[in-house]
Amino acid sequence: MPNEDNTLPRAKPVTDFHGNERIVALSDGVFAIVITLLVLEIKVPEIPHDLVAKELSHAVIELVPKMIAHAISFVVLGIYWISHHNTFMHIKRHDRVLLWLNILFLMCVASMPFPTGLLSEYPNERISVIAYALPLVFAGISMDVMWWYASTHNLLDEGKNDKNFIAFVHRRNLAAPIAYLLAIGTSFLSLTLAKFVFIFVALYYIFPNPLDRKRHQLSRNLDQ
Amino acid sequence: MPNEDNTLPRAKPVTDFHGNERIVALSDGVFAIVITLLVLEIKVPEIPHDLVAKELSHAVIELVPKMIAHAISFVVLGIYWISHHNTFMHIKRHDRVLLWLNILFLMCVASMPFPTGLLSEYPNERISVIAYALPLVFAGISMDVMWWYASTHNLLDEGKNDKNFIAFVHRRNLAAPIAYLLAIGTSFLSLTLAKFVFIFVALYYIFPNPLDRKRHQLSRNLDQ
Amino acid sequence: MPNEDNTLPRAKPVTDFHGNERIVALSDGVFAIVITLLVLEIKVPEIPHDLVAKELSHAVIELVPKMIAHAISFVVLGIYWISHHNTFMHIKRHDRVLLWLNILFLMCVASMPFPTGLLSEYPNERISVIAYALPLVFAGISMDVMWWYASTHNLLDEGKNDKNFIAFVHRRNLAAPIAYLLAIGTSFLSLTLAKFVFIFVALYYIFPNPLDRKRHQLSRNLDQ
Amino acid sequence: MPNEDNTLPRAKPVTDFHGNERIVALSDGVFAIVITLLVLEIKVPEIPHDLVAKELSHAVIELVPKMIAHAISFVVLGIYWISHHNTFMHIKRHDRVLLWLNILFLMCVASMPFPTGLLSEYPNERISVIAYALPLVFAGISMDVMWWYASTHNLLDEGKNDKNFIAFVHRRNLAAPIAYLLAIGTSFLSLTLAKFVFIFVALYYIFPNPLDRKRHQLSRNLDQ
């Protein structure tokens, strides 16, 4: 069969290149909406007309802790988006199983505004911490199952089938869900400590670190 | 007329390749928003300050059935997105009729948060079951009309004009709307049974099955 | 300057091809969100627990006129999306003026949920009809100004610089805003008649018509 | 390693071309949602049934100042989108630092509905003016840090590594945040003057101006 409009070689086993474009388009759409709606949760305070001059500044400043909570969720979703982006950079084909794993991943991502609201409304309850960490654990696991499935079902870019590289991506994908699993465990000892895990993971990912440098090293080696 | 920026052959009858990119972009956007908003419907419970410690866990656990209802809608929309994705993988051109059929399809998709809310609020009413199944029936039919229109108006990718393949896609597209039509009929006998159809369809599509394997077989044959 | 990653010829005067991709991506995003949110405006009725069995069906059926109003807006936005899609199929370059005209167009599009809500809440008031038609008039005009600007500033695809074709697109772009301007005028005579114009325009665009056939004829001629 | 599906030369240091596509897709998604939701903030007035004929027109006209406030935010976000678009037209590669800088930029953008609502609800309070200008200052700074980072870390398109051009983009990127910083300062002298800065910046960017003409000159020179 002639193949005029794409230049992919014969290797593709299941569906063609354009499919992955739609997977990432759907995923980027879900991420864009979730991170935007997160910030939208912060409502303009309603203050009686005659008290505005006196109370508005105070009311806005009172929202700052809530804003920080939402900013942390923004960063957390950034971590997962970057992780999804890095993973799908090496996945070049898909089949139906991968589509469904990705939809499962997106379900976890899309559910984040609820636990973020819960944690910012009731920050001192264990259920809030658990409800916040749980979808992140599942999102991380489903991301890594995607990577496992893609790497064992010939869906990776040729030349990325390097054992060290695959193992490295597994470690990177599982770092966040394991941290959040630890946060759930920690919440039975100390809620403050568990919330500290959330902040630490966010900061850890924002700033460049040794693991990151090793990754760049690895990808650069693979690209040559 | 010179045609520098795309390499499609002369065959395209109506509009050029870039059009389909926007159809899928609009569709992916609508799906991304609908699935995200579905999950957003679940609101953080409001509990008086002094009862939080006692009642919050209970209130969150009470939301679990609602969460499951929304998760099922998430899966249902996943089915339709995958179906749209699979169908448009073979449609390479469009005209105005196809654009409108797609907008009709998106209207059915976009309407899903309302019946999902209705079914999760009033799960024991026949009107909820019917309102949930009806847009899914129409979405499935408009999807299949798109396939029928594309395959009879020379809008398919060359080499996909295989009679068996076209018939196969018809069968696949119509499976879900027929199941939902059955659910409407069943709702007059038993609401529980009708809701079981919703769950069964979701599970049927998530797990690989013989129909699916045959499809892969077929696409692989066509791709060679 | 070498130009490795795109194959466009020297002709581009201002910015490169990738720019238009983002214009359409932003526009598709806005359309996707607006049409989805339109349908979301329809809220699940709140009915006291003991009256559900008796009143829910009635309450849902009472929402049908509102659903039809929103479906018409869905179609209207479909008209403008298709118009934007058809116009940008021939625009291959952009400059800052075009970017701003497009943002103005999107502002009109994005504002539609408000007048749709107004018209569906207060269908028998002249202000509702005017508020509904006005952004559509402005959207249509800004679309046509874009076409005028693009065709007079060398932003069109080569070979589309045909006078007849340009005049034809002007006529097509201005048809809808002129109809909505008429609806505003008509609203001073009869509100029912004005609302009939909204329905008529929607139906006129959905079904293929002579103007449409002529367009296909024209584009086909230009494509050869 | 073979590199079948993209034709980029060896130069790319970190990740491949497809990455930037997702950065802009996520960014376009966030912008599309934010500008659409901005306009959605304007709610249909609720008027008792018997007063509709008398009060609706008045209630809608009373919303006009609010609509203008939201239209200005729409334009402001348009400025930042165009700026992001212009900046990323020259950035062809990315690494993790750039991803995070972009997510920080998007966080500022996504937060705009809150200060827009605040300013339109409480237009005569200094805190509203400051809350409105602050995320715009941060957005502008993070945009320019992205440009600084990209230009010093070999992430630019080849041939765009011109010192004059890089300095020019810095000036252009910093113009808006400096104006908004001035607005914060001005707010301690006169709130009216500070709000006039918001309107002036919006108008300045919409209409073509000498700076703009110089840019076109510059890009044209670079493109030849």
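For clarity, chains are labelled A, B, C and D in written order, and residue numbers in each chain start from 1.
Basically, a contact is a pair of C-beta atoms (placed from the backbone, for glycine too) under 8 Å apart; a residue touches a chain by one contact, two chains touch by 3 or more.
Everything numeric in this text was worked out from a predicted model, so none of it was measured.
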Regarding the chain A and chain B pair, does the interface count as same (over half of residue numbers shared) or different (under half shared)? different
Which chain has its C-alpha centroid farthest away from the centroid of chain C? A
Here chain A maps onto chain D under a C-alpha rotation whose angle in degrees, rounded to the nearest 5, is 90
In whole angstrom, how far does the Cα centroid of chain C sit from the Cα centroid of chain D? 24
Here the gap between chain A and chain C, centre to centre from mean Cα coordinates and rounded to Å, is 34
Numbers and ranges of chain C residues touching at least 2 other chains: 25, 28-29, 32-33, 37
In their shared complex, chain A is touched by residues of chain D numbered 1-2, 4-5, 12-16, 18-19, 22, 25-26, 28-30, 32-34, 37, 95-97, 99-100, 103, 106-107, 110-111, 113-114, 117-118, 121-122, 125-128, 131
Chain B to chain A touching residues, read off their complex: 7-9, 17, 24-25, 28-29, 31-33, 35-40, 42-44, 47, 52-53, 56-57, 60, 71, 74-75, 78, 81-82, 85, 89, 92, 158-159, 206, 208, 212, 216, 219-220, 222-224
